[in-house]
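Two complexes, one shared chain (chain A), two partners (chain B, chain C).
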Partner chain A sequence: MIDFVQNTVDGIMFGSSYALLAIGFTIVFGVMRRINLAFGATIMLGAYAGTWLHVHYQVHVLVVVLTTVVCTVLVGIYVERLCFHAVRRDAALASMVSSFVVWMQLEEVAIHLLPERTYSFPSLIVAGSFELGPFLLRGEQITMLVLAAVMVGALHLLLHRTRYGLALRAISESPRAAAYMGIDAAWVMLCAFALVSLVGAVAGYAILATDEQITPFFGLWATFKGLIAMMLGGMGSLPGAILGGLLLGVVEAHAQWYLGNEYKDLSAYVLLFAMLVLRPGGLLGQRILGREELAFRRV
Partner chain B sequence: MLELRGLSKHFGGVKALDGLDLTVDEGDIFGLIGPNGSGKSTTINLICGVYGETAGTVHFRGNLMNGKPPHTRLRAGIARTFQNIRLFPNLTVWQNLWVAQNSSQDVSAHGFLPRWFGATRRTRKEIARLLELADLGHKGDELASNLAFGEQRRLEFARAAAARPKLLLLDEPAAGMSRQEIDNLGRRIRRMRDSGVTILLVEHVMELVMGVTEQIAVLNFGYKIAFGTPGEVQRDKAVQEAYLGTSASKSRPVDGSA
Partner chain C sequence: MDDYVVTVLSNIGMISFIALSAYLLLITGEISFGQQAYFGLSAYAAGAATSMFGLPIWAAVLIGACTAGLMAMAVGALTLRLSGLYFSISTLAFAEMMRLILLIVEVQVEVDGEMVGPDGANGFHDIRWMFERDISLTEFMLFIYGLLALVLIALLLVERSRLGSVFRMLGSDDLLTEMQGLNTVRYRILAAGMAGAIAGIGGALYAHFTTYVEPQFFNVMLGVHALAYGLIGGLGTAFGPLVGVAIDIGFLEAVRFIQGYRMIVFGGLVAVLLIFMPRGILDEERVHRLKALFSRGNHARAERH
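Coming up: the complex of A and B.
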């Protein structure tokens, strides 16, 4: 029982970063009906830039954090300009394919930046842990959870209390009507990419600081985890992304404990398989269906 | 106010609109009528930038609008309603109006904070006024998708008004409305004009068009076939033929179905 609770707590903490990755996918999908496959690679390259400074100039950890965040946002904007802004609005597939190609490009850049397989990644957080009754809480993971909660709270305020959030939701509801109401979709989308890159950079930093190492495969890993968490929660749903991320974290933590390390990733795919069979729209996916139904009612 | 010169739109071989000249003066309620597929909706779509024109120019208050995207045209003062209502279904009635308020230059000139966080007092007051005018005062917090059809139409009208346009394009606003609702709509349109908005009305419902407009242009197969006051247009031979479908349909192949 103690193991079970401990695993669940660990899973929720690590799952909070999955949730942030999923939010990056779900906002882009919810607003543009497009998938940005290069999202994970964007974060990876941003973190690589930070690592590069760390390796060559031994800069302070804070500089690494700042570089990671700024470079991730810049790469995110680059991806938006190249794969999304430049491609026609109705060509969602073309965007996805080009984001896949750009993913390869970003990986190549990272490998040339730092050619070895793995590098150690500096942690801002004082790695320590403390006991709470029979449970053990790791400092990095608590930081991760707190960061995720702050990001989600800020995003919620942004989406529901600001004019920018209103514009974003208006575009998601009806892109054409939004344009005739004076909303500049191109600008709003550019900001959205910068925004999700920021969220992704924070998630990426928290994960890498916990792992204490970085490889070029982090991009692949982050894209997979983010996509799976989004699919579990329901594509395009913000609460779904959070729920999906936490669920994925918890299931992985249990699989790792009860079945062994090699089953951790497998459990994620089994969970995704089960979800696709039992509830293809994801946990909170009915909202998307609801919206389509509304479209038929001529609203 | 609005000047169209030689405006044309071809879809492949189909000439949806062919060389339309039209001038709408400030303060007019201008009617644009014609049988189905005569190019009325195409004209509206060209004025607000849905697609690019094949040839010709659109001038609005002396400025060339060709090539400008819809959001720029709205900010210049051209707002529209849609033939099939296009609200933001999962936003509340109040938020639907806020989106439009959001975009009008007037309001966004308030500085950084009110621009990003919440609505200013002035915006709230303005939205409350618009809700009242649209008889939706008690429905501000409803989702737009929960409104009845007539209410949705009124909300769309109010949303266009919220953008504080100089020119309002109404694309068949009376479609599906009852007699009484049409009378109400007529009053709303006149009130809108009296507050200084020029109106271009595309409509099939003749009692509305003949009741509120001062000038009417009649289109058929992408051409303007008549122009004048409601009385003049009703007496026009070419117009009667277009609507009854005699010589007009013989002289031109029926391909203007856009």
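Coming up: the complex of A and C.
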């Protein structure tokens, strides 16, 4: 029983980082009805730029944080221009494939930047672990949980209390009606990309600082965890992304504990596949509309 | 021909199967990131057939293709409700699931005093059919291209037939297809099964060509490349994906100075191509025009009558 509770708690801690990654996917999907597969690689390249400065010039940690965030946003804008803005509006899948190949591109750039397999990643704060009754809590993970809660709160305010948030929600509701209201969709989308890159960079930094290392597999990892978490919760839903992230974290933690290490990732994919087969809309997602479904089919 | 050229040509041939497999689903309107699952499954099944049970190669290819095809039909039936992005992600999930399961599978039997069979994360060693039968690389390459030609001819015949029209109709509008009184469920499962079997043939050949397979080879990158080949080469004809494979492996492998920057070049190429030609170089329109060009003489004669 103690194991079960401890695993669940660990799962929620890990899950909060998945939730932060899922937010990046869900906002882009909500606004554009497209999936940005290069999201993880975008964060990775940004973090690699920060690590590069750290490795070669031993700069202060704050500079690393700043470089990571700024570079991630710049790369995010590059991805948006190349894979989303330039690709025809009715070609959602072309965008997805395009973002996939750009992912490969970004990954190779990152590997050219820092060719070794792993690099240590500087942590902003040093938090120890402490015990609460029979349970062990890690400081970094609590930081992550708090960070996730703060960012979700901030995003919620941004979406529901500002003019920009209104424009963003209007586009996600109906792009055509939003255009009639004089909303510049291209600009809102570019800003949305910059915004999710920012969220992603912060999430990515927190995750990497917890791991204390960075490898070229981070892009793949971040993309898949975020994507799975979003699909579990329901595409385009902010609460869904959080719920999906936490669910994924908890399921993985239990699978790892009770079945073994090799079952951790497997459980995530089994969960995703089962969810798609049984309830494609995710836990909180709307049912897939026939109209949208058709729009997705074009290559 | 030296061994290097033969190996590159053989790789082009084997990868063409998985490119054709992804292409077949693309013309029915579905993007699959997961055809490598069937390629890998068949590589294991066919490898087991020759190395563990001593079956001949044709039986191994048949077993591999059938296993992959049946599995693809089962997955197709499960994911029938899904389309577009949802379908793509489900194929990705299935393929990764398959790869991680293959990492766990350990089934070994003793053959001639040695343990042979899938060995979890260590992969599947000693599929020595080629050495045991003393088959040269060139002979095996001819075998690959023979099968590729058969598959290509079959696909071209399908495209000319009613089945091909139904597939393309499914791709452009499934509601319309249903209104024609066609059973879209049956055609979607059929397309999935055919695509799985084609990828399976490639996988079976791959296992015997390399004598060693590991789950790591069947990762998402293989699937994405397979998909990209169709999108680069064009969705208008079955030659499209082959053009894509030739451009990637043939051209980029040949040009030395791209080495190490290959994904940067390839990624950029595909991304730009998708902006200007969302359906590839040989898309339906160009194929149509090319056909008209070649048959102009016939048309002129027909019009005179």
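Note that in this section the second predicted complex is superposed on the first by the 285 of 299 C-alpha atoms of A that agree within 3 Å, B and C clash if a C-alpha of one lies under 4 Å from a C-alpha of the other, contacts with A are read in each partner's own complex, and residues count from 1 in each chain.
The rule we apply is simple: contacts are C-beta pairs under 8 Å (C-beta built on N, C-alpha and C of every residue); 3 or more make two chains touch, one makes a residue touch a chain.
Predicted model only: the values in this text are computed from it and were never measured.
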- Item | Fit-or-clash call for chain B and chain C when the two complexes are aligned on chain A | fit
- Which angle, in steps of 10°, is spanned at chain A by chain B and chain C when each chain is reduced to its C-alpha centre? 90
- Look at A:176 in the shared chain and tell me whether it touches chain B only, chain C only, both, or neither; answer first, second, both or neither. first
- Message: Between chain C and chain B, which one touches more residues of chain A when both complexes sit on the common chain A?
- Response: C
- Quick one: classify A:185 as touching chain B (first), chain C (second), both or neither. first
- Query: A:21 contacts which: chain B (first), chain C (second), both, neither?
  - Reply: neither
- Which superposed partner A:94 touches (first chain B, second chain C, both, neither): second
- Message: By the touch definition at the top of the document, which applies to A:166: first (chain B), second (chain C), both, or neither?
- Response: first
- Based on the superposed arrangement, let me know which partner A:109 touches: chain B (first), chain C (second), both, or neither? second
- Query: Minimum Cα separation, chain B versus chain C, post-superposition (Å)?
  - Reply: 16
- Task: Enumerate the residues of chain A that count as touching chain B in its complex and touching chain C in the other.
- Result: 294, 297-299
- Query: Which bits of chain A are touching chain B when the two form their complex?
  - Reply: 161-164, 166-167, 169-170, 173-174, 176-185, 291, 294, 297-299
- Query: Which chain A residues qualify as touching chain C in the complex?
  - Reply: 34-35, 82-83, 86-88, 91-94, 96-98, 100-105, 107-109, 112, 220, 224, 227-228, 231, 235, 262, 265-266, 269-270, 272-273, 276-277, 280, 288, 293-299
- Message: Using the touch definition from the top, list the residues of chain C that touch chain A in their complex.
- Response: 26, 29, 31, 33, 78-79, 81-86, 88-90, 93-94, 96-97, 100-101, 103-104, 121, 171, 173-175, 220-221, 224, 227-228, 231, 235, 260-264, 266-268, 270-272, 274-275, 278-279
- Query: Okay, in this complex, where on chain B does chain A touch?
  - Reply: 48, 50, 69-71, 74-75, 79-80, 82, 84-91, 95, 98-100, 102-104, 115-118, 144-145, 152, 159, 163
